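Shared between the two complexes below is subunit A, which has subunit B as its partner in the first and subunit C in the second.
The block that comes next holds the complex of A and B.
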């Protein structure tokens, strides 16, 4: 690398889908400004860098590292530690590194069950000798190694210190650009940075604040899965019985999903002040179920409420779709868990 | 001599009925298991599921939520909301592998000191039979290393 005095930018994917990288490129022509301001130090998705390049950098050589993806295996953790050591500012970029996201849904099951499903029980697979990936295998040519597959998926700040969080699956382009401008201002003109530990590129309230749908007092008789109902274009989705996580999800996306008739999936994570997004959603949803009232006998009450609750398919997977790693309990217990089977 | 496991049960008792039931149990000198740590809340409807999860994460082996009987809530229907939350939370906790007996809901009015004491005794034995939960140590330690090794090829 030639030294040109520009701030160094890195972006790395751990356990992720690649959508976060695409979201950076999705800031349209502003990507040219990013190239003008920053010098890429590591960005395996779009430029040819090797891990050995990063290992060769002095500590704190990288000014900003955008780290996306969850910590799924020992390689993800190693790269997080390496990039932390080499970076001045570490940004947990996107829902996976922020709160665990889709990879962390496997915290609802066990490592063994996951490997079994993928390598043994998968209908499109032929594995008669039941070969499972090993961390180390000796061959005539030498030892071959693979990263260790973890039992519990973690978010980035569970393995290294994180300076900022940029939520979203993926983060929205205007938000990304706004954050990059703040960072560039700080690096080139000495502008103040937000306090360490801040969630940047998002609001502080809930998605409902940004959603234009008409809202009334909620009283829900039963819930529908998306394919079971044609949503009314104006009314609040939750009021129609469509599971919408908007009320337990941080604002910042502009309520894109609810606006087009899809319940919010919760990708921006918990709003400010909420410890456990799933528990808050559970609490909110349960308290607006219309079944039962104070005049009923206890048995009748319990039956009616159970019937209404039973219309919610997979409550854990729904309420914790994006925030398993961030949740209070973080994962399921192995024994007796339905998910562990 | 082996030491008997003494479960820790966090009890969320509503101010108007169940906390008074516990008071009554005390003033009536009813002897019952000392395993429940009572926390007074204004209403069983005040019990945020986060409270229950935090208790389980931070060392409780069980959680008891106790409130007024349906129809007798000081706030008309706070306990109905508690029942709805409890019902949905139980479905969720089942997915998380947390046994049914560990989180219980009880209706106990201010005059039912004996009922509360009996419920705490029963729940203590049920949770004792399940054994310690110790979430942080047993479930969250290591990152796979503490788990049984995957079968060799």
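The block that comes next holds the complex of A and C.
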């Protein structure tokens, strides 16, 4: 690497799908501008830098690290600590590092159940001796080792300090480019950075505020699965009984999913000021369920509401589809109330 | 005894590891490719509503979310026993063709191509997409960027989002196409055809005109004789979206052809205690270990294997290149079809022929009069039980298998994904590359590059394979002396 005074950019994936890297590539021709503004210091997806390079950097050598992926095992955690140490600004990039995302649905089950399902109990297996992967195996030639994975999926700020959060699964390219421009302005021209701990590259309100669908005060008496109904193209999906997390999800994507007739699933995490996305969605759902009328007895009303709630398929896996690690619960506990690590 | 560990910086992050053991003569005794991670989609998807799977399983891989989205959507068709109408099928295939164009483009120019464009011995610091642009010129680099851009635009237009699309429904698609969109996509498809032909010409000029590269492609180090899998249409021509899964043997004879719902009759997966990834093999042939040949159930599912498994391409320009491919590589026709090409590095060429096919198919679909019909979202009332769906992912046949209760809540999930099919052949290729390079304890300086190339032609996506890893595989080679002392460490990222 040449020392040319350009700010140093890193991007790293922990337990992730690679979609965050592709989202950066999807700023398309602006990637050439990023190449002009920044020096890459570490970016496994597109450049051949090594971890030993990172280990050799002085502390705070990297100006900005975009860290994506959840913390699934001890090695993910180690890399988070190493990059935190070497980076001035640590950004939790994308839903996994922000709130846990899809991998954190694992927190609804257990490590043991996962191993059983994958290696002992599925229809294409040929495993008569019930072999399970082992952390240490002695072959004729020598020992082979494998790491162990965590019981609980964590988000980045549960293992290191995070300066900024860039939400989305993955973040939307126009938002990414806007954030990179702000960062570049701060690093090269001394422009102010947002306050530490801020969510960047997103709005502060809810997805509903950027959704063009028309909202009424319409109450519903049941929910529909997305294949059970042909939604009206103009009207709010939730008001039609199609589960949509827009009310409990931070704005910033431009309401992409509702625009094509599919309910929001909450990948941008909770809106500003909301701690628990699932709890917020539960109260939003309660507010759209038809509350009956004044002539009804209380138990009649309760039945009405319960019947409507019963039509919601998989409430925990839906309301916390993307934010299990960020939820107050964090994971399903075992019978003894234990569940961590 | 000396041991060489090719280790993804894994002890730091755990993405994949190769252990090479040398015998007393210093030659390779054995090599193990280990995959050290697991995310467990099959378990945590249980309890979720089945119709969410296209939007959950696309998070297996952000490089090919469209493939998981589509396999999941087709599994829902089967689960709910609903046949999509012609418009839905063609809309999905159009979307899928745009995805293939962008995915194969990325592999050739950013991932696999640098080895050829810049050369296997190029400076690692230059051996990336920016190095390619420096070599071939910024104008070509801009063409590559423009190709990705327009096709991701199509993916977002039809699928709702550019990455992790959302439109798949049982028997349907959430969004119909407008005439304006159709016209735009038609134009994009024409540009894609030009781009694909340009890329094939580039391959011809850079690789086929270079004797050293041709010798490398044809060398024994990068050759394996295995079974080949691919999805074919009624005429045994390649189709990425739908068809029957066909497997041919090393000499080109058809072994089996089956609908994906029968996959458990034909494929089984072995578990080894030293890896979190399973090894699929052909049941009727049987598992004989990590060996080549007709008696070994090892099979391969890549662009090369799709060409080998098919009788040809369904579009005219791609068909011309298909014929040129086999003629150039010395394949003979037996019973009307070309015998398989076994040179793994020819996979790069096969990938570009598929790129051209995807572009041509995209144009055909964009010009199809039914494509803009608005009836794409049926109301489904059937009771779900069990469903299987498959597509050809760019990295191999991808199968999703779901079982639900009567409310469509998942009770069982099994996934056999693209790269997983290739786990055994990749492991074999790595071993062979190591054997070819390490003699008498001398570790060639070219080892890393060559091992990378042995990997790269498969375009392995460990994110898909383990439902856990990112699409790139960082490797670290550690060389230990007989006393176990670390002699040398070299690291490289391979994708």
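Throughout what follows, the second predicted complex is superposed on the first by the 311 of 341 C-alpha atoms of A that agree within 3 Å, B and C clash if a C-alpha of one lies under 4 Å from a C-alpha of the other, contacts with A are read in each partner's own complex, and residues count from 1 in each chain.
Convention: a contact is a pair of C-beta atoms (placed from the backbone, for glycine too) under 8 Å apart; a residue touches a chain by one contact, two chains touch by 3 or more.
This structure is a prediction, so every number in the text was calculated from the model and none was measured.
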{"item": "Touching partner for A:217 - first (subunit B), second (subunit C), both, neither", "value": "neither"}
{"item": "Which of subunit B and subunit C A:256 touches, first, second, both or neither", "value": "second"}
{"item": "Touched partner set for A:36, first subunit B, second subunit C, both or neither", "value": "neither"}
{"item": "Touched partner set for A:234, first subunit B, second subunit C, both or neither", "value": "neither"}
{"item": "Subunit B versus subunit C as contact partner of A:21, first or second or both or neither", "value": "second"}
{"item": "Partner chain in contact with A:299 - subunit B first, subunit C second, else both or neither", "value": "neither"}
{"item": "Partner chain in contact with A:132 - subunit B first, subunit C second, else both or neither", "value": "both"}
{"item": "Subunit B versus subunit C as contact partner of A:330, first or second or both or neither", "value": "first"}
{"item": "Which of subunit B and subunit C A:152 touches, first, second, both or neither", "value": "first"}
{"item": "Subunit B and subunit C contact sites that coincide on subunit A, given as residue numbers", "value": "108, 115, 131-132, 134, 149, 314, 317"}
{"item": "Interface residues, subunit B side, partner subunit A - complex", "value": "45, 48-50, 53-54, 56-57, 69-71, 73, 76-77, 79-81, 83-85, 87-89, 91-92, 94-99, 107, 135, 138-140, 142-148, 150-153"}
{"item": "Subunit B-facing residues of subunit A, complex", "value": "77, 108, 110-112, 115, 129-132, 134, 148-152, 154, 275-276, 278-280, 282-283, 285-287, 289, 291-298, 301-302, 305-306, 308-310, 312, 314-317, 319, 327-340"}
{"item": "Residues of subunit C that touch subunit A when the two form their complex", "value": "1, 3, 9-14, 19, 21, 29-30, 32, 34, 36-40, 42-49, 51-52, 55-56, 59-63, 65, 80, 106, 110, 124-125, 127-130, 141-142, 145-146, 148-149, 152, 156, 159-164, 166-167, 169-172, 174-175, 263-264, 267-276, 278, 280-281, 283, 287, 377-381, 401, 407-409, 412, 414, 416, 461, 463, 468, 470-472, 474, 476, 489, 491-493"}
{"item": "Subunit A residues within the subunit C interface of the complex", "value": "13-23, 25-26, 28-29, 31-32, 35, 44-52, 69, 72-73, 75-76, 78-79, 82, 101-103, 105-106, 108-109, 113-119, 122-127, 131-134, 137, 139-142, 144, 146-147, 149, 169-170, 173, 225-230, 256-257, 259-262, 265, 313-314, 317-318, 321"}
